[in-house]
Every structure is written in C-alpha cells, then in structure tokens.
Amino acid sequence: MTLLELHDVTAGFGAVTVLHGITMSVAEGSIAGVFGLNGAGKSVTMKAIGGTVPARSGQVLFEGEDITRLSPEKRVARGMGHVPQGRQVFPQLTVEENLRLGAYTLRRKDKGRYGPALDSVFDRFPVLKQRRQQLAGTMSGGQQASLAVARALINQPRLILVDEPSAGLSPVAQLELREVLQVVKDSGVTMVLVEQNIAFGLSLVDTAHLLQTGVVVHTAPVSELDDDTLATHLGIGKVLAGATGSALSARKGSKR
Amino acid sequence: MTSAAVRPLRLQVGRLPVPWTVVALLLAAVVPPLAGGTALLSDTHALVLAKGAGFAMAALSLNLLMGYAGQISLGQFAFVGIGAFVTGMVTGVEDLRLPWLVGVLAAAAAGGLLAFLVGLPALRLRGLYLAVVTISVAYVCWQGLFRIESIGGGSAGKVIPRPYVGSSSFSSNADFLALALVALVVVWAVDAQVTRTRIGRAFRAVKADEQVAASFGIDVAATKLLAFTLAGAMAGVGGAVYGTAYGTVTGDTFDYATSLLLVVIVVVGGLGSRAGVVIAAFFTVLLPDLLVALFGSGIRGLDLVLNGVLLMLTVAFNPEGMAGAVRHSRELRRQRRGGEPPLPPTRPHLPDLGRPAGMPAPRKTRPGTAVLEARGVSVRFGGLQAVDGASLRVDRGTIVGLMGPNGAGKTTLFNALSGALTPDSGTVHFLGEDVSALPPHARAARGMGRTFQLIGLAKDQSVYENLLIAQHLAAPYGVLAALTSLGSRGWEKQVRERADHTLDGLGFGRFRNTPVGRLSHGQQRIVEIGCALVTSPELLMLDEPSAGMSPAAAEDLAATLLDIRDQLGRTVLLIEHNVPLVLGTADELYVMDTGRVIADGEPGEVVTRPEVVTAYLGQAVTA
Amino acid sequence: MGQVLVLGLINAGIYAVFALGVVLVYRGTGVLTFAQGEIGTLGLYVAYVLVTEQHLPWLVGAAGALLVTTALGAAFELLLVRRMVAADPVSTAVLTVGLGLTILACEFFFFGASPRVLDPPFLAASFTVAGVVVTPTQVAALVVALALGFGLQAVLRRTDFGLGILAASQDAAAVRLVGIPLSRITLVLWSGGAFLAGLAALLVEPTVGTVTPGYASELFVVGLAAAVIGGLTSLPGAVVGGVVLGIAESAASRYLSDANIPGLRYVTVFAVLLAVLLYRALAPELRRRLAPAPAGATA
C-alpha cells in the first residue's frame, strides 16, 4: 500500500524555484532514499513533504489524503515524524524533556499512552534511559543522533523523515547511527531518507530516487542500481567510487 | 519574466546614490544665498532646512553605527544635545566666546568622548546591550544632565550665538543654511572616506559576523567602539549645527522620542545608504509643515504617527529601505538585460601572489624545521578535558590530515593552534618561533590562514568585499590615515589588485558583486579558501572543508588541495571525516580520540591500525 | 536603612513586572522588545477613558486596559512580526521601536501633552512600615511581581507548552517538527508580554495621579535595565534585577538628596547598569588572571 505520494510538486524560496515537478511514491513499511548533487533539491523535497516549505503546485498525499495545504504541525499530528538535518535536538533540555516534547501530539491526544511509549523507546535505546536527566547538548554525536531518532519514534508516527543524518558524523558514529536506523526499519515504520553520503544511504534504503535540478530522473530498487547509473546521475568519479561501489555490492550480496 | 515580474516600488530618487550628485545639489542650494545676498528661500524655510542639515548629520552618525557596524543606539539624539550645549558653552557670550569652528570641534570631541565612555563596557558584550544602555543615556541627558543650570542654561535655555567672520555674521537664516550645508558635506565626505577603507570594511565584517571578523584579524570590540565613537563625534557636529540654527536650546529639545525618530530616518532611508538617509532626514524635518500646509493645523502631530507607522512597515516589508528599493530595480533591469550568469567552476585555478607588502615575510627557517609544531597541548573546559597533551608536527609542503570521532577535540586543538583559545598547557611553534602567547591576529600576520566548519565569510557582503576584508592585516594603516585618505591609497591599490587576481584565479569574476550568501555551499567553500589564500599564508588550516559537499564537489576539492600543495608549494592542515578524501590527499595522518593523539603516520597504514579502527572507523577501510 | 529597603521594594515590584515582560518575549523569541513602556501608557489611557471619563468602576477600567494591551500585542505579532521579510531578532527589535514610537505619537495626537487624572486601584487606607507610608497598591505590585516571576518559571518547566517555549528559544524550526504550533507560541509570548506591560503600568501608584504621553516609558527604562541585570533569560532574575534597582534608587535619593542631582533615578540606573555590564565584560578575563596557573604551564 502506498503511504506517501508526491504528484508533480513544485516548490522554492522567493523568486527561486527549486523543485520543478517532483513525482514519487513511498510504499508502507519501505525505506525510500532521495539522492542527488548539491542543489538538486533533496532537502527541499523533504521540506515539501514535511510542510516547512509548502508546495506551490502539485499534490502531497499522505495515507491517501491530500495534505498539500496542511501546516507542518498538523502533519506531525497526523503521523509524520522528523529527524531534522544536523540532529537538531534541544541542547539545553534534558533527554527526557526532549522526549516529552517529541510526544507532544501524542500527549495531547491521550496522556495515558505516553508512559508505555517512553518505556518502549527506553527499551530500544538503553543509553537514553541511563542518561535521561542529562542535557542533550552534552552528549556525543552518536548519542544525539539516537535521541533525535527516539524523539521522532516516541510520537508513534507512520512515516519518519530523516534529513542527512550522517553529515558531520565520524565513521564510528555513522555505524552507530546505521544501527539505530536499522532498529527503526525493523520496527516497520516507513522512512524517507535524504543523504549526501550515498554509501551510507544505499546501505539502508529499499528504493532510490535520484534527483537532478529539482526533478526525479531515476527511480529504482537498490538491487537494480549499478555504478554506471549512479555515475550518470550523480556524477560520482574515481575518488569516491570505491566506497560507494563496495557499499552497493555489500547490499546486493546481502540481498542474495 | 516580462509582465509577470514583480516590479518593486519605484521611488523618484533617480541616480542619487552617487555622492557627487548630492554635493552638486547642495552647492546649488548654497551658492545663490552666498552670492546674491538676497535669499531665494523664505527665512522660515531656510531655518527649517538648516535644522534639517543638523538632523541629517545626526542621522548619518546613526547610519554609520547601524548601517555599517550593525550596532543600535536608541539615544543618539542625546549626543546631538551634548554637541549643542557644548557649542553654546564654548561660543556663548556669557561663556568662553570662542569662534564657532572651535565650538564645532569641541562638540565633536565631547560627543566622541561620551560615546567612547558609554561604549567601553557595553560594546565588549555581544548583543543589543548598546541599545539598552543608550536608552538610559537618553534619559540621563534629557532628565538629568541638560537640566543642570551650568550646562542647559536652566528654564531659559542655552543661547548659542550665530557665527561671524570678521564683521559679517551668519545671522540671516539663509546664510547660516549655507554654512550648515557645508558642514553636512564635510561630514558626508569624512563618512564616505572612512567607509571606503579597511576601517569601514572592518565595520561591515563585524556587522555580518563577529567571529568571522575576528578570524580575519579584526579586533571586534575595538572596531565597535571606534564606530560608536565616530558616530558620537558626528552627532556632536550635527548638534552644533542644529543648536546654532535654533539659537536657544533647552533640555526638552533633545527628548527621547527624537532619538527614535533618527532610527526611523535611518531605517526608512535605507541602512548603509548615505543619500537615502540624508533625503529621509530632510523629509522628516519638512513633514510637519507640509502636512499642516496640506490639511490645515488640525493635523499637527500626525507626522510623528506617520513616522512610527512608516518605520514598522519598512522593517516588516521592505527592510532595505528606499535605497534598497532603488537598488533592486537596478538589479532587475540588469538581470533583464544580461540574464542569469553561468555558474563558476568549482575547481579553481589558484594564483600565486606572493606575500603582501604589509605583512612580514615568513620567517626564514633552517631546513628540517617544521612549519607548525605543537607539543603537549592541553585544553580544559570546566570538567571536560577537551585536548589532553596533544602533539603534532606539520612539515613544509605537505598535507597533514587530522581525523577523530565527534568530540575528540580536533576543532579545539585547531583553535589552540590558531590562537582562538589559550591552552592550559603546552607550546605551539610556528616556523620555529614560539607563538603560544600570541593572539589570533598576530598568528595570522605571521602566516597562518584558516577556514571554519561553518563557512567563515561575511555572508551579506560580496565576494570581492570578502576578499578585501580578508586582507585586513595586509594593509596596516591607522584611523587617521583612513579618515584623511592620506597614506591609505597605496595600500588600498595593492589590496584591490590582489583581490582582483584572486577573483580571476577562482573563476569568480562574474560573481564579483554577488553577496556570498547567494552562492551555493560548494562555491562558498571555494571563496573561503580564496580568502584564506589571498594573504599567501605559509600554512592553511581547513576545518572539515568537504562537509555538506556532494561527492563530485568533494572530488574537485581534493584536486584543489593537491594544487595548493604542488602548484603553490603551501602547507595544509586538514580536519576531515571524509576518509577517501584524506587518503587521496594527505601525506601524513593524525587520529585523535578523547583529546589524545592515538595514532600518526602514513595515512594508508594508520587507518589499518586496530586502535584507529575501534575508536574512529568502526570497520576496516580498503584503501 | 529600613526606610531605604521599604522605599526600594515599593518601586521594585513595578520595575520587575516590566522586566518580566521583556524577559518572557526574549526568552522565547530572542527579541529584545522596546515597546513595553508605551504599551503600558496606552493601557493607562484606556483605563482613564473608562474610569475617569465614563465613570466606570476601576476594575472595569483595568480589565479594559489589559484587554486592549493584550490584543495589541497579539495584533502586532499577527500583522507584522509574523509577516516579516527579514525575521532576525535585531530587525524585530527595531520593529518594536516603531511600535513604541507609533503609540507615543498617537497619545500626543489624541490626548495632547496635558496630564490626565486616573484614580489608584485601591482607595483603602495606607499604613506605615519602618516609618514609610505604604499603600495597598504598592504592596500589590510587589506581590504580583514575585508571584509572576516564580509562577511563570514553573509554568515554563512543568507544562508541555511551556517546555515548547523553552525549546523554541533554542531551535524554533525543530519545534514545528515535533508538532508544536510555533505560531501559537509566538502569539502567546507577544500578547503575554503586552499583557505584562499593561499590568505593570496599572500597578503604578499614581503619585501625582496623572497620565501623560510617555509616562510609563520612564519606568520601563528602569525595567529594561532590570531585565538586563537579571541576565535577560531568567524570570526570577528579572525580579531580582527590579529589587536591586529599586533599592539602589531609594538609597541614592536618600543619601544624595543634598547634592540635588536632576534625573537621579536615571543616573542611578545608568551607573548600576554600566557597572554590571563592565563586570560581565571583564569577568572572563578576571577569572583567568586570578585562577592559579595550571600545573605544567611552563613545561
């Protein structure tokens, strides 16, 4: 079943149009990856889905309903969760306060569901339980990433939007993050993932959407992607092809 | 693009942003009364215009502060008051009876001195503290200082006599108007001169981003204080003219509300636009009479309401003021003519400019001396040992990588090396010299250049302007040279030539006047590296240059780094998470974890060591 | 000494309530607001029209004043702050300057410079503490300030919405992404700030019983300084700042009364403000100089 659909969405800032008609759909329970060069419109696509940059034309459908005109807050209340770019946790609030804010719409609907939701998040991320009274800003990069993901999960969303989670993380923290996202994936929550780091992204997603200048130029399951396609659409050359290629072959290996 | 394009509000100010046009206009107003003797203007109008000239100078002073240095004064009219009363005390018949010109200079000195004293504590802190403090200044002056009999002249007010030359006096309002306009032109010229120089560039850099300004060697607190002091002196001169126009002033002439009116003038006229501000000042002075003439005297007082509303509408919907509206319409016209310029290359050709004349040549060292050597550097933040006895050596003509998990202390070590913070222990040697105790601008002067994790550029300034700001230390002339343009010309020529060469080399010629903030992230990174290289530093320190870059742009960056080493023969220290990038460029690699250096050596070998794999990579890298 | 304290505390309450409005807005939006004083004066004129001209009970006048000021704050947010092209805190601060100037100009335009008479809130008998005559209004001002300072602080920490305000000051964009309506937060903050400005002005014991244009601004100047002294982000700090300035002012007027300094209130506030800022600017430097040199510094 299709959970999220974009039909010919255009969007931009001021006089600049960044998205020139994005069309894509995300199946329930799957992980969709959005890849592209700087300025291709990856982050704006994410913001058009989340509502912080509203679509100028076209349609955004969530669970079959048109949400194109809804505010970001309303979309969250309907079951969208965010792991924003730069892991924007609230640095001067404690871990628990961050989680309480994450469950804002859940607590408004039914306060009784908060306790069990908190417990289940703590079960999945024991490190957060240990540090529940710590200020979020004083945790390591990997732990903040966990908190950002947990903050989105605790509201029990149907779709999580993850925007460039690996940026600025060291390789070891990236591995930690990958495990966290794997937990989300295993729990069956649908995810849209935007990544600059293609090797990292390809290791997680089921379907890849390749963007160029605000248009989806190629959509394929990861198992059908090859180096040449990536090179054509993303301009990956010799310096980095090794890492991406190995990530790709690792993925294909695991599929088989 | 043709009919659908939104046309900005067209204000009929023509080509006024060119200063000479204004000078000519002013001369046209000055010459007739001087030459003809019979005033073309009515006496009342001449008086209003003379007050307007004083008002315009006060507005220019606030424009220098707000529009250039980015600081807000909500009590600027208090400095105008100081100027007026000091002029009265110096020139008054019952006081010192000195010539008017002495009174004007005394007014400038008094305004500048008060600003200096007030700014000293308020400007060392970041934020709007100056605004808060200047409100207090306005009330202290209005309700306190100006009510002291010997300063304010009591309830009768202070008499400020009109100046005289020989036997002829400027007692007619038309004659004094001429003098007032001459004063305005002088203040304008000084203002224009200062903002053209490194001092003015320092103001703009501080306004854009204080941290970035500091990294280019600009002393932020001193720069803000200088701006406020200059503004105080300009306001003082404005007060001398304003007060002399009135003839008698009381404390209530300089109430708090008029300070707010100056804010209106500067914002509505257009922050940073002298012409816009001066026009707005005259308009504001003429407005009350204009309204009464149009709608009758029942309307008196409405002008202030209009001003308040105008300020809100401008800030909310047209923050660049009327000068901005003119600029936009020009830009649109240019775009219609030329269309969008093509994108510049992301792989620049970097010119080798050699050391600028204003900076000392790099220290001669014996062969084998490291460019940079840190020994046992430790930095502690509260309970956190951020860097713990780190040592590192960078040899000439190499690229050295520095990797480590988030929070390992890489950027902190970088800051200790560049002087942005003082380590608790350990030494830093640069080209064999111990620089451990030197502040960042002194290290920059010796040949250290650096970039920041988040782009370290003045985002609202053009590419060219950033290249000029980056040479702050390469044109070391002082405030006096800047004020008079004597002694600064040669430096400015050199600085501009270097900026032009770098611009061409980067391939950014068509983006010369584009605000940096409008470029893409990757392009900004190139400009940042260009700014770091424009003073030809011996060592270039880059903090995560590939962050936020696409793979293709990261490849171009790798090539650029190799060019810096191989073509320019420079040395590079590089913090990076992009392992392939480091492996593809670095000659030597250091790895940090929890504040310590845990490994160093040949990059391909270092990344295979178990401790590096555990602490940083998490899995083996196949190089 | 006791007199100085009592006299100081009398004014402290009003300064503190003004400061609380500044801190509330700053805490949530990062914007320093300069319009509080004139919003307060506007409230007084509303109360004047209702109570003195229309002969309605004082409480009705006060309710009307608070209603108008709160609505003005809300309208300001809805019509201007929300729609700003360049929505940085400094521009918004200048916007509040425009609001203050506009209200001040309207006061002159509609009421003129001549003073208007407004009754004090409580006509009950005053009493004497440490030789100082204290009126019920003055006690009320202090009680309201303390209750608000600590009450609001508790609301911010304990409720989800309050926590959202704290989060908004750290990262406004992320607040929307967890589903908290940011526009509601800013609306509440700006109208709350304006409400506090109206409240502060109503609590002023009209010593001369009159309202003139810019009347409450003269007190707001002190309240703004109190907010800065209290650290700008701390609600209890704002109350402390108000108390410090209130006592400093009464001490100055007691001990410097012979010097006959005009505008002594502002001179005192200015001196304390500069001293506090100077200390803050130099504190890091002092701390480094005074700290014992770490071991191995000379190695």
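Should a chain be cited, it is by its letter among A, B and C, assigned in written order, with residues numbered from 1 in that chain.
Here is the rule we go by: a residue touches a chain if its C-beta (ideal position, glycine included) is under 8 Å from a C-beta of that chain, and two chains touch if they have at least 3 such contacts.
Source: prediction; values computed, not measured.
Highest inter-chain contact count (C-beta pairs) belongs to B-C.
With chains reduced to the mean position of their C-alpha atoms, the one farthest from chain C is A. Look at where the CA atoms of chain A average out and do the same for chain B: the two points lie 39 Å apart. Rounded to a whole number, the gap between the C-alpha centres of chain A and chain C is 43 angstrom.
Look at where the CA atoms of chain B average out and do the same for chain C: the two points lie 32 Å apart.
Of all residues in chain B, those touching chain A in their complex are 403-408, 453, 520-522, 544, 547-555, 558, 577, 579-581, 584, 614-619, 622.
Listing the residues of chain B that touch chain C in their complex gives 70, 72, 74, 118, 120-122, 124-125, 127-129, 131-133, 135-137, 139-140, 142-145, 147-148, 256-257, 260-261, 263-264, 267, 301-302, 304-305, 307-309, 311-312, 315-319, 376, 378, 380, 422, 424-426. Those residues of chain A whose C-beta lies close enough to touch chain B in the complex are 36-39, 140-142, 167-176, 196, 198, 234-240, 242-244, 246.
Per the touch definition, chain C reaches chain A in the complex via residues 160, 163-164, 166-167, 170-171, 173-182.
For chain A in complex with chain C, the residues that touch the partner chain are 50, 52, 71-73, 76-77, 82, 84, 88-93, 97, 100-102, 104-105, 107-108, 151, 155.
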